[in-house]
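Below, subunit A partners subunit B and then partners subunit C, in two separate complexes.
This part shows the complex of A and B:
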């Protein structure tokens, strides 16, 4: 029963994880960049919600919306200041510059909010169906995650911009010939990715009290999922999120949280070495 | 020209002599402390650049440092084994992990930023293992551990006199720089440089890429762990945030980038700059504001990668070299050099 409980909560949490990984995956797929500071954006989002709700008494939902917009703007700033000048640079330079951004954001939060846990008190009931206990926070996260991903699916498939984004992801050069300005598409991708980080942060509000070191944990988690599903493979990332949700949830119930994370990271390492194209990917013939 | 050449060769010797005499001139313990920190971090950064300069960017050296730190401390605290032996054990453990990870990565063609990511994951795994062993091996989890103090005990690598650490760490740094030179003059250097430029071409010339890269990774990991031992014996305290993990790994890489990872002195210059910057902000603003120095240093990284990808020392020496080459070219009355970059 304990395991069933963990599996169900893990699956529900996987919904939020899918959302989180989707943003990073989208940026990798379209802009071909490993966004190492993505988790830090989520962390900043959590701090913004805390700042607005607790210190300025803005209603929770409104502050979540404002934080989402702010993170989208931060993402645009990141695009213009860090990513755009390095688009032509070797991938390792992009990675390191974004690692620099990671350090900046983490320490800015440390300097501004201090090293204590800051959280918004949200009292949510724990539902129980039969003998299974479900945290309502996980259920909300799952719902928001799925709805957002559904909207994104429509956006990517039914709108002109969405189709253009997918075209650039497939082949930036040819889509350029077709009259798509890849720079505009990159910018839109960063806006969407930033907004996704903001929404993820909003889903995390009832789950976590935030600490400056959480950013790196989020980045790594998103990373593991993206690698599991294959970098840039959106559906793979979606499935990977649920796998990781269940694995970490079950192993932290049975063993302890660190062992759960270690297992997830080991899986990730094995996949980088043995199947760099991800579980679902097709190995490109060389 | 001849004089200039000799002068340039003499500079390292001059610096060495100055550094050896230095503690007798300024005997302030605080200054000694700073110098020791600079030596340790310069050592680790230089050792990191053994790989970094060939385009093998490891974001996992924090893990090897942490292995050195914790192996030594645990062996001593729990089993009373001398840190000198712990140093060897830590180094071998780090090298073993490097061989396993390196061999499998290089064998399966995990290179460039994929390799960086794999090592980043390693750094996080080692941190979590250390935290998870909080009770089993008394690592103290996130709170850290303290090494049992024996006062001064040369057999157990404990000295109350900082001067000893000053010379030990200076010797380590000297060794690291010497090995850098040795690698630079060796066949390995040419092989790895070829690999760094075009892996497949190097492979087709019969260079055993996997062997060279794995060896270099193992040497680098081994020596990084030694630095960890020196660090823990000096500070007598370790916690996962300062002694291992992704943060430390990035710190090492950034020090190398700031100084310039392709030159002999770049990593040392970068480390000295960062240690001084951190200490300065700590003194000027108080220890609660250490994060401000980190912010500055993060911004510095972004700016440097954007404008000076060769690092401070690298870019400056490039400028000098170009000037020198121009002089040589004038001397050769306009005859073009075969390859200006050689």
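This part shows the complex of A and C:
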């Protein structure tokens, strides 16, 4: 029963992880960069919610919405200041620049908010369904995650801009001769990716207290999920998120949370060794 | 309609095109022929804005277009079918056509363009929900031509439409090109399959190692003794 509990809560948490990984995956698939500071965007989002709710007494839902918008704007700033100048640079330069942004964001939060844990006290009930205990926070995260991903699916399949984003991800050069300005698409992708980091932060509010090193674990987790599913493969990332959600939840319950992280990393290593293209990925054409 | 003057271009210091000039009128079909590596594809890449010229000028309908980004050049009415079609493999045929009509000038005419393309290639209408990457080479080439037409071009450029296709399929692709030509489009075609391409062309250019070595109409091309021996095998 303990394991069933962990599996169900892991699946529910997988919904938020899917949302988080989707943002990183989208930016990799479309702009071809690994967004190393992605978890730090989530961290800044959590700090913003804390700032607005606790220090300025803004209602929680409103401050979540404001934080999401602010992170989307931060993402735009990141695109113009860090990513755009390096679009044609070698991948290692892009990686280092984003790692730099990671350090900047961490230390800015350390300077501004201090090293202690900050959190919003949200007390959510734990629901009993038969003998299974479900944390309402997980349920909310799952619901928000699935609804957002559903809307994204419609956006990417049914709107002109969405289809253009997928076209650029598949062949940027040919997209150009179809009349698509890839720079505009990159910008839109960063807005969407930033908003996803913001929504992820909102879902994390009832679960986690934030501290300046909060982000790195989630950058890593998002990266593991993206690798698991296949870099740039959105459906693969979706499945990968639920696998990681369940694996970490079960191993945290049976052993402890640190072991959960280690197992997630081991899975990542195994995938890189045995199936580098990911679960659903296709090997890059050479 | 299209005028290329003294065009030079290449990749990273290596000059592929040397002093190329070319001219075509509205409604004409022009074939640029030549062996592998002569610079034919490079020429189309420069005209469509995928590659910047080192020097020279390109005019389209009186406006200078060289050096403009490719998404602006489509807007002006030039559309390129890249070699091998290069469809978006994970999109459906319908969404490939949708992306083809992306530019502002043509987006609001999407429905009309779609009807026109369906009337040209009825089979695409049946296949519109198929994933493009799962189609055969000939079908992909056909959809690629259709996708290029969705941008309502006045000049359609085809980069080796027959490359990599079985002879029977090649014949049907040239039938499509003929249909398109009959609808009044100006067509600039680059080819290695000499005989079929010449049969459709009003004017023929021959490229060899980055230089234009021949320019003339169908008859003078077919009767040129040097070309006869090296390209037509007679």
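We adopt the following convention: the second predicted complex is superposed on the first by the 283 of 286 C-alpha atoms of A that agree within 3 Å, B and C clash if a C-alpha of one lies under 4 Å from a C-alpha of the other, contacts with A are read in each partner's own complex, and residues count from 1 in each chain.
Everything below uses one rule, namely that a residue touches a chain if its C-beta (ideal position, glycine included) is under 8 Å from a C-beta of that chain, and two chains touch if they have at least 3 such contacts.
Just so it is clear, the structure is predicted and the values come from calculations on it, not from any experiment.
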*In the superposed arrangement, which partner chain does A:38 touch: subunit B (first), subunit C (second), both, or neither?*
neither
*Does the superposition put A:258 against subunit B (first), subunit C (second), both, or neither?*
first
*asked:* Taking the superposition on A as described, I'd like to know which of subunit B and subunit C A:95 touches: first, second, both or neither.
replied: first
*Between subunit B (first) and subunit C (second), which, if any, makes contact with A:111: first, second, both or neither?*
first
*Check whether A:50 is in contact with subunit B, with subunit C, with both or with neither, and answer first, second, both or neither.*
neither
*State whether subunit B or subunit C is in contact with more residues of subunit A in the superposed arrangement.*
B
*Contacts of A:28 with subunit B and subunit C, given as first, second, both or neither*: neither
*asked:* Under the stated contact criterion, what part of subunit B meets subunit A in this complex?
replied: 55, 57, 59, 101, 104-105, 108, 110, 112-114, 116-118, 120-122, 124-125, 128-129, 131-132, 241, 246-247, 250, 253-254, 257, 289, 291-292, 294-295, 297-302, 305-306, 309
*asked:* Taking the touch rule as given, give the residues of subunit A at its contact with subunit B in the complex, in rising order.
replied: 34, 81-82, 85-86, 89-97, 99-104, 106-108, 110-111, 213, 216, 220, 223-224, 227, 256, 258-259, 261-262, 265-266, 268-269, 272-274, 276
*Parts of subunit C lying in touch with subunit A, wherever the complex brings them together*: 48-50, 69-71, 73-75, 79-80, 82, 86, 88-91, 95, 98-100, 102-104, 106-107, 147, 151
_Taking the touch rule as given, give the residues of subunit A at its contact with subunit C in the complex, in rising order._
157, 160, 163-164, 166-167, 170-171, 173-181
